[in-house]
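Listed next: structures, encoded as structure tokens.
One chain, chain A, appears in both complexes that follow, with chain B as partner in the first and chain C in the second.
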Partner chain A sequence: MVKNPKIICVTGGKGGTGKTLVAVNLATMFKNEGFKTILIDGDSENPNTYLLLGGKLGIRESVPFFKPSINENKCTKCGICADNCVPHALLHVKDSFPVPILAVCSGCKLCFKICPTVAIEPDYKTIGWVYNLNVREIELLVGELKPGEARSASIIEALIEKLEKKVQEGKEEYDVVIIDTAPGAHCDVEELIEKADYVIPVTEPTKFGLSDLVRINELISLLHKDFRVIINRSTLLGYKNQFFNEIKNLNLEILGRIPLHEEVVNSYCIGVPLMEDKKSQEEMGPAYKAFKDIYENVKKWIEI
Partner chain B sequence: MVIVAVPSDGNGGLKELMNSRFGRCPSFTFVHIENNKIAKVKAISNSAVGQMGGAGIHAAQLIGDNGADAVVIGFLGPNAAQSLNALKIPIYQAPQNKSFTVKEVIELYLKEKLPLITNANVSAHQGMGRGTMR
Partner chain C sequence: MDKVVVGIVSGKGGVGKTTLTASIAALASKDHDLNPIILDCDVDAPNLSIILPNNSESQPQTKDAYTTIKASFILEKCVHCKQCIDEHYCEFNAISWDKRNEIPIVDFLKCEGCGACKTLCPEHAFDIHSVKSGEIISYENKFGSLLIYGKTRLGSTTSGKLVSEVKEFAKSSDHYKDSNLTLIDGPPGIGCPVISMLSGINYIIAITEPTPSGLHDLIRILELVKQFQIPFSIVVNKANLKSPFQKKFKKYIKKTKYKILGKIDFDYSIPEAMSYAEPVVTFAPDSPASIEIKKIYKNLKKQLNNF
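Then we have the complex of A and B:
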């Protein structure tokens, strides 16, 4: 029997709120206490979790995407493929071979499945890559979408598949999986939240932060997931009072607040996680303490 | 004989205005030309007009199914351009500064006043929404 790790998804709606900061430091703290940890970078358009960990992307696996290829020796020009293609990605004029219009092909393979003469052959193009590396004793899975490609959800599916394989093969027993999502409340984010047992939206005390938090909470609630909020840059002034009033009205559970402090900014700039940095451990600044508190709250919450 | 397709308003025909949208025009008028003269006219309604996506591809298919040898367009999106190119149907650009009837634009074609184009001249989804672009 394979042990199922606890899966925590760090998300947040707004870009730049500190999702990666939280995900990397949580992973670091779990790892520092001896928990076997997998970190997943699910922001396939800007995969840079590895940078904050100070790692280097190495060997990669291609993520293939189906495209139809017409075997003209078998094709009878019947047009069934084109008639049934929902995005109209197959152009068929009577008495001629169908022409795939790849820009609108969703990769659903319906044409391949229904062709009566098996004349549609699966062909694949690479739309991105999945990397697997080990940095600072954290197992890191990174998805990267090839610039210019549109189907990022396929990269997320490949990441999830890779994660499941890793857990199922049981070479290593993992305790925690931490997922770092892209900003937004779209299908890539949804797929990853769906996989999680616990969801942590990271926000900041600004109008933008609040508005996007409300949107991501809606998505998390649609998926019936348990979630608790982290407020990053909690010391930002200006909108702070209204923000915290709103948070109170929304009746949200708060895991912790991370103050905007030099030590966090510095760790971000140099690409060493705050919770890994010897100097910050000795100095025990306010952000370091905030992360420690958050970590304890997370552990209680997920019962680990 | 050559068949030239023109995206048109209403139910199509020589007297109708040419519609500047390709994928989402209400109708296509097919003008048969013999000895440099209009010999016959046939019009069909455009079944791609209300389609969610891929209207340009579907419209190109209609053009091809009706045996057109050339098409005259106002605005053309990338998928439509790719589709017409795949069908090897030459694309002629109508002037965009005024509106023409189908007959007027065919006369320009016959006088060889219309330039040949191969690429899209608008980005995807420009033709969406009924009646916003003429």
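Then we have the complex of A and C:
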């Protein structure tokens, strides 16, 4: 029987709140305790996990995306394909061959399915890549969107498919899957939250952080997921009191608070996760301690 | 200078797009020859309105956007043939089979609105409709300029189209004919919403920070900006960050010879201003950050005179 790993999704709505920082350090702490951990970078527009881990992207697999190809020997220029294409991704002028407009093609393959003379043939273009690598004993799956391409959702699908295949194959018995998402609350983020058992929104104590937290929480609730919040840069003043009052009013559970500290910036910039080194009590900075507490809280929560 | 559109982007989130946009908006609003219109195109997490609220006299106007199409199922027409499932009509796996009732169910979140089910079902038991995908809100902000922003309805899979709609809304507003500058706060990333935002833009400011991810994401967004052949310049935020990455960052900037519009050193007036939700140039006008942003604004105006 295949063992089902615990799937944790780190997200947050607003950009730059520390999603990747949290995902990478959580993965590091699980790895340190001997849990077989796989980290999924689902921010295909800007994948950064491997930078924080100090790794290099290597071998990659292309993510293909459907594009219609018109076989002019078979096409009767009837225009049925264009008439039925809702996003208007096929341009048809009377008595001429239809012209695909790839930028707006949804990939639904309707044209291919309905062409009466089978003149539309499925062709594929590369819209991005999936990488599989190991850094610091953490397995990493990274999705990357090719600049200029818009269908990031297909990269996410390819990532999920790859993950599911790996878990099913059972070559490795994964204990924990940690997913890092893009900012925002769009389809890519939604799809990854959907896959998770536990969701961690990372936010900061500003009006902006709060506003985006409220939105992402709505999305998480819409998907019926269990979630707890991490507050990064928790020492930012100004809006702090109102922020924590609001959190209380919203009845949100907090996994921990990470203070703004030099050790975080430093680890971020040298590509070594803060939690990679085992430190003695005296060597631990405030952010390090915060991460330790968060880790213990996460373990209790997911019962591992 | 005549009706230019300036966009602020970064690739990476949280490096200072909104901070910079809000301050430039506050400065430009006082320039009567510009009469700017400010747009927030980060429709997933629109935050500019928090820092540029409406003035006491103006009433925000809200318009619903219907940029999303979704499929619906018509029970009366269904003959339970199950072809929709067996022949895999839906490439997005949005149609599943309800075994108990012998009918298909359309998953609202997964549906792309492509209309394949509608066309393929022999009984015409599917239809497609425009559904509400978000809102466009506009008002005169406290600095006197018009602010327009979009906000997606969760689960509507439409961010890119809503961005286009926000831009169209700006063009059709009464202010547009007297306005010479449209300033856009962009979404993070390089995907669909950013691509929608970039079309029709005259000038881009790419803001970044001297960290590995800041630079990595800057390179990616510039690749996209270059594909669109839009002139651009760079603002370095947290320029004096105590970062072991500074050397590599500076080397890159030097090597590429990109135009630097300004460098904002880290200064506590910025997080402080943000925590009070004020543009730093009005919250602490004499702080080093504000002085630098005013310089950036002057440099920007020089650049725009070429248009």
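The rule we apply is simple: the second predicted complex is superposed on the first by the 299 of 304 C-alpha atoms of A that agree within 3 Å, B and C clash if a C-alpha of one lies under 4 Å from a C-alpha of the other, contacts with A are read in each partner's own complex, and residues count from 1 in each chain.
Convention: a contact is a pair of C-beta atoms (placed from the backbone, for glycine too) under 8 Å apart; a residue touches a chain by one contact, two chains touch by 3 or more.
Computed from a predicted structure; not experimentally measured.
Residue contacts after overlaying the shared chain place A:I101 against chain B, while chain C stays out of touching range.
In the superposed pair of complexes, A:P68 makes contact with neither chain B nor chain C.
Applying the stated contact rule after C-alpha superposition, one finds that A:P201 touches neither chain B nor chain C.
Contacts of A:Y239 after superposition: chain C is touched, whereas chain B is not reached.
The wider contact with chain A, measured as residues touched, comes from C rather than the other of chain B and chain C.
Once chain A of one complex is fitted onto chain A of the other, the partner contacts of A:N266 are limited to chain C, with no touch recorded for chain B. Looking at the shared chain after the overlay, A:P87 reaches both chain B and chain C. When the shared chain is aligned, chain C comes close enough to touch A:L145, but chain B does not.
Residues 87 of chain A are contacted both by chain B in one complex and by chain C in the other. Contact residues of chain C toward chain A in the complex are 11-15, 18, 42, 44-45, 47, 50, 69, 89-92, 109, 112-116, 119-120, 128, 152, 154-155, 157, 159-160, 187-195, 211-213, 216-217, 220, 223-224, 227, 241-245, 271-272, 274-277. Residues 51, 53-55, 57-58, 60-61, 64-65, 78-79, 82-83, 86-87 of chain B are the ones touching chain A in the complex. By the touch criterion given at the top, residues 82, 87-89, 91-94, 96, 99, 101, 103-104 of chain A touch chain B in their complex. Interface of chain A with chain C (complex): residues 13-17, 20, 43-46, 48, 51-52, 66, 84, 86-87, 106-110, 113-114, 145, 147-152, 182-188, 190, 194, 205-208, 211-212, 215, 218-219, 222, 236-240, 262, 265-266, 268-271.
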